[in-house]
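The two complexes that follow have chain A in common; it is paired with chain B in the first and with chain C in the second.
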Partner chain A sequence: MVHLGTNILFAGNNFVRLLEGLWTTVWIAICALIIGLILGTGLGILRTSKNRPVRILLRLYLEFFRIVPSVVLLFLFYYILPRQLNLNLPAEQMAVLAFALWVAAEFSDIVRGALISVPQHQKESGLALGLNGWQLFRYVLLPQALVLELPATINLATRVVKTTSLLMLISVMDVINIGQQIIEANRQTYPNGIFWIYGIIFLFYFIVDYPLSLWARRLAAKQH
Partner chain B sequence: MPEQILKIDKLNKYYGQHQVLYDISFEIQKGEVVALLGPSGSGKSTLIRCLNGLEQFQSGFLFFGGKQITPQEKNWPQLRQKIGMVFQSYDLFPNLSVLDNILLGPLKVQKRQRAEATAEALKLLQRVGLEKYAEVYPRQLSGGQKQRVAIVRALALHPELMLFDEVTASLDPEMVRGILEIIRELSERDNMTMIIVTHEMNFAAQIADRILFLEEGRILEQTPGKEFFQHAKTQRAREFLESMTF
Partner chain C sequence: MRKKVFFRKLFLGVVASLGLIFLLAGCGNSSSSSNNQSSVSAIKKRGVLRVAVFGDLKPYGWVNQDGKRVGYDVTLARQLAKDLNVKVKFTQVNANNRVDALNSNKVDLVLANFTVTSDRKKVVDFAEPYMKVSVGVVSPKESRISDVAQLKGKTVIVSKGTTAETYFTEKQKDVNLLKFDSKTQQFNALKNKRGVALADDNSYLYAWVKNHPDYSVGIKTLGPSSAIAPAVKKGNSSLLNWTNKDIKKLRQNGFFEKAYNSDLKPYFSSEVNSADILINK
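Showing the complex of A and B:
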């Protein structure tokens, strides 16, 4: 029997399963981003505070999440922490937690960078109008920092989406894990299935990430 | 008896170990225009910035409207509404339109009504010839226009004292006159009390009731405006004037 390779994509409910996997991926990325950006904003503001111990602590937090590879981070959250802390969450939620803390760390650095790169003159002319510390932050620093940090934030989002490909390692049913299952189940019928499945996964990631990176590049170009 | 707005008594200011202001003392009465002159690095900006709390000073006394201001004043936001300041680099907020730049202080700091504050802002814009630019963003304005908006933004808070730090120094020559005219009108029409740091000697000669000549952080002389330019008391001031006219 001769099979057209592409048929593996549509045999049974394969395509729907792949889409469900993609949805898991995107959903985890979105949750992690939302939580991470909110937390990261707070941490970023604290990193510009005058309190040295606070700054050092947050710096260490950032470096930890930067240095530890994402795979190790996921293992830590899925296999090690739950046992140590007696915490039993589904793999998806652990993944969201791990990614959110990572996003928060990276985003705190972006927020801090944006805040300190608002020119000193802007702060002074705000103060000269009688704005207090909070008003200065709210009406002068934050709006300008948001514009400055947007490209880096979108880049961070694309990295998060990419890194979700590691989720299969903690047995989350993401798009890659499902793809892998389909390949294995059809090894006999579709020996070339791996090519098509990973081809479509590549396309999925491209469709999600490319517009983001295009947007980031546009914004960055506009600022220079 | 004239009403005293500001009094500075033996103010000393250091950057770390480096002293930049020495025993500065002077007073300014309501309606008076004081020009602060002196060579580059003499401390003019530092002094004027001490007067609205952008720099802290280490010793001395500051009285505004008869009340003492301490160096680490918690009430600076309150006081700064009464002490307007305009800088060399205009520093409009790029994320806000001209009108919103002007309204930020009246609405957020003074909690005034939007309708009333807007009406006043538009009137002030009209006064500086920019009534058509209310909805425009700062990046669309020329340097001279930005500086006029910056002046309006300070005036919108109804200050009792205005500080100008070289507000024409980064403008093209043809823009300078317009700004100076606005400042002159503020003095003549509104009887605004002002301290002006400037390198425009002709302007200072015309507008200043009194000149403070500063060198290396010290006030070398305080002389009525006209007299300073005709026969300054100190040799250093005469040399300075000569260097500025050639």
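Showing the complex of A and C:
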């Protein structure tokens, strides 16, 4: 065999391990997004409420998750909270929890923005028809807001996928972590392995994220 | 107003679901915090010994191409679990979060090439050491440096932040140092003859020389050697005492010699022998 750098990708189970790492990455991102989007919708609607304390509380929640860097957030959830509150979860679940709360915070702002930009006459027409609060949101505001918030939501989703690369800091076996194992295991025999491994990881992230960003662009174009 | 009622309901709903998330999270492991979750009896009851290891430090803690954790540290971890009659579960850590992993009860034991230092002793409890390292000096075979006196007035290559840098700066003041940021840079500098020798942890040099037969670790130990030992959470005397006892037993029955031969020897140059690494008391 030629001593090619590509050999490192297919030696033993290396490629399958990288795919497993990618699956961990994608799975955590999907779980966090599902929980975060549901919670975020609720929070976003509440942020349009007339109740001042509620609005301030939710604003604080949003700013906290927006300002605190994701790395700090992950450390907080994985190392510091368990010590204080004595709740000890596997790293993957902690990651989903931290990311879900982050997504909820960011999404609440997207939802709020979308709800506000639904034209006022739509809301008034709904009220004139005798719809109650729930019906007004369910049949008038949310369907129109959904269209408005989609591009920003997909953008958020791609950011979540990218941010999972920080998970290696809390011992989650994501694709980057496994890539590094392979690089270090072969450092002496394949000094250029780092190039191939990070190359394939780049490709993985691209395959996951690019369709999302294409979709976002198409949706954005449709609105104009 | 109907709309106001809706908002109130929604608010309660969101608060309730947030509470539920935390409650579910709390149920995972809500035993009282005063209990030692890593005592020997707790480990036996759980049936699993949780160990923090490196995943990228060959040949001490790494992952082979079949995805299996191997290495000298890992072999010791498996043996300890076997002696406790429990299964082993590995958590991969990096150098920065070895202490956090213990303190937040993520693992019972750290076996991640943890060098004993006085600062670290303040935050964790170290058991009996299972390995030792010190500064070593590697040089080309044709102009081999075997004594530190040969280095006077010459240039020695080191990496910033290593024990080797500290040792030469403090103890060998008449040696010129050429400092680099990474391992790759420092070894390239040695190959390009930018210095007469290179100083680093001897355990690391032994592995490098294996693949570079033109070089030799002429000085194997320089200055004080440091011990590498398992660490437990501060105050976990139950597991600490058990580990100490078990390591002494393993020293006597030749386990470390065997582990050296299977995990380290294949990756070290032939000029190294087990006495350079192992602790035989």
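Just so we're on the same page, the second predicted complex is superposed on the first by the 222 of 224 C-alpha atoms of A that agree within 3 Å, B and C clash if a C-alpha of one lies under 4 Å from a C-alpha of the other, contacts with A are read in each partner's own complex, and residues count from 1 in each chain.
Operating definition for what follows: a residue touches a chain if its C-beta (ideal position, glycine included) is under 8 Å from a C-beta of that chain, and two chains touch if they have at least 3 such contacts.
What you are looking at is a predicted structure, and each value in this text was computed from that prediction instead of being measured.
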Q) After the match on chain A, would you call chain B and chain C a fit or a clash? A) fit
Q) Is A:M173 touching the first partner chain B, the second partner chain C, both, or neither of them? A) second
Q: Identify which of chain B and chain C touches the larger number of residues of chain A.
A: C
**Q.** Which superposed partner A:C31 touches (first chain B, second chain C, both, neither)
**A.** neither
Q: Look at A:E124 in the shared chain and tell me whether it touches chain B only, chain C only, both, or neither; answer first, second, both or neither.
A: first
Q.
For A:L9, using the defined touch cut-off, is the partner it touches chain B, chain C, both, or neither? Pick first, second, both or neither.
A. neither
Q. What is the contact status of A:L76 with respect to chain B (first) and chain C (second): first, second, both, or neither?
A. neither
Q | Which superposed partner A:L219 touches (first chain B, second chain C, both, neither) | A | neither
(Q) Quick check on the superposed pair: does A:L19 touch chain B, chain C, both, or neither? Answer first, second, both or neither. (A) neither
Q. Which holds for A:N132: it touches chain B only (first), chain C only (second), both, or neither?
A. both
Q | Shortest CA-CA distance in Å separating chain B from chain C in the superposed model | A | 6
(Q) Going by the contact definition given at the top, which residues of chain A touch chain B in one complex and chain C in the other? (A) 132
Q: Name, in rising order, each residue of chain C that touches chain A in their complex.
A: 2-7, 10-11, 13-14, 17-18, 21-22, 25-26, 28-33, 37, 55-58, 62-67, 91-94, 97, 100-101, 103-106, 207-208, 210-211
Q) In their shared complex, at which residues does chain B touch chain A? A) 52-54, 76-81, 84-85, 87, 89, 91-96, 104-105, 108-110, 150, 153-154, 157
Q | Interface residues, chain A side, partner chain C - complex | A | 11-14, 16-17, 35, 39, 42-43, 45-46, 49-51, 54, 75, 78-80, 82-83, 85-89, 91, 93, 97, 100, 132-134, 136-137, 169-171, 173, 177-178, 180-185, 187-189
Q: Mind listing the chain A positions that touch chain B in their complex?
A: 119, 121-122, 124-132, 135, 139-140, 143-144, 147
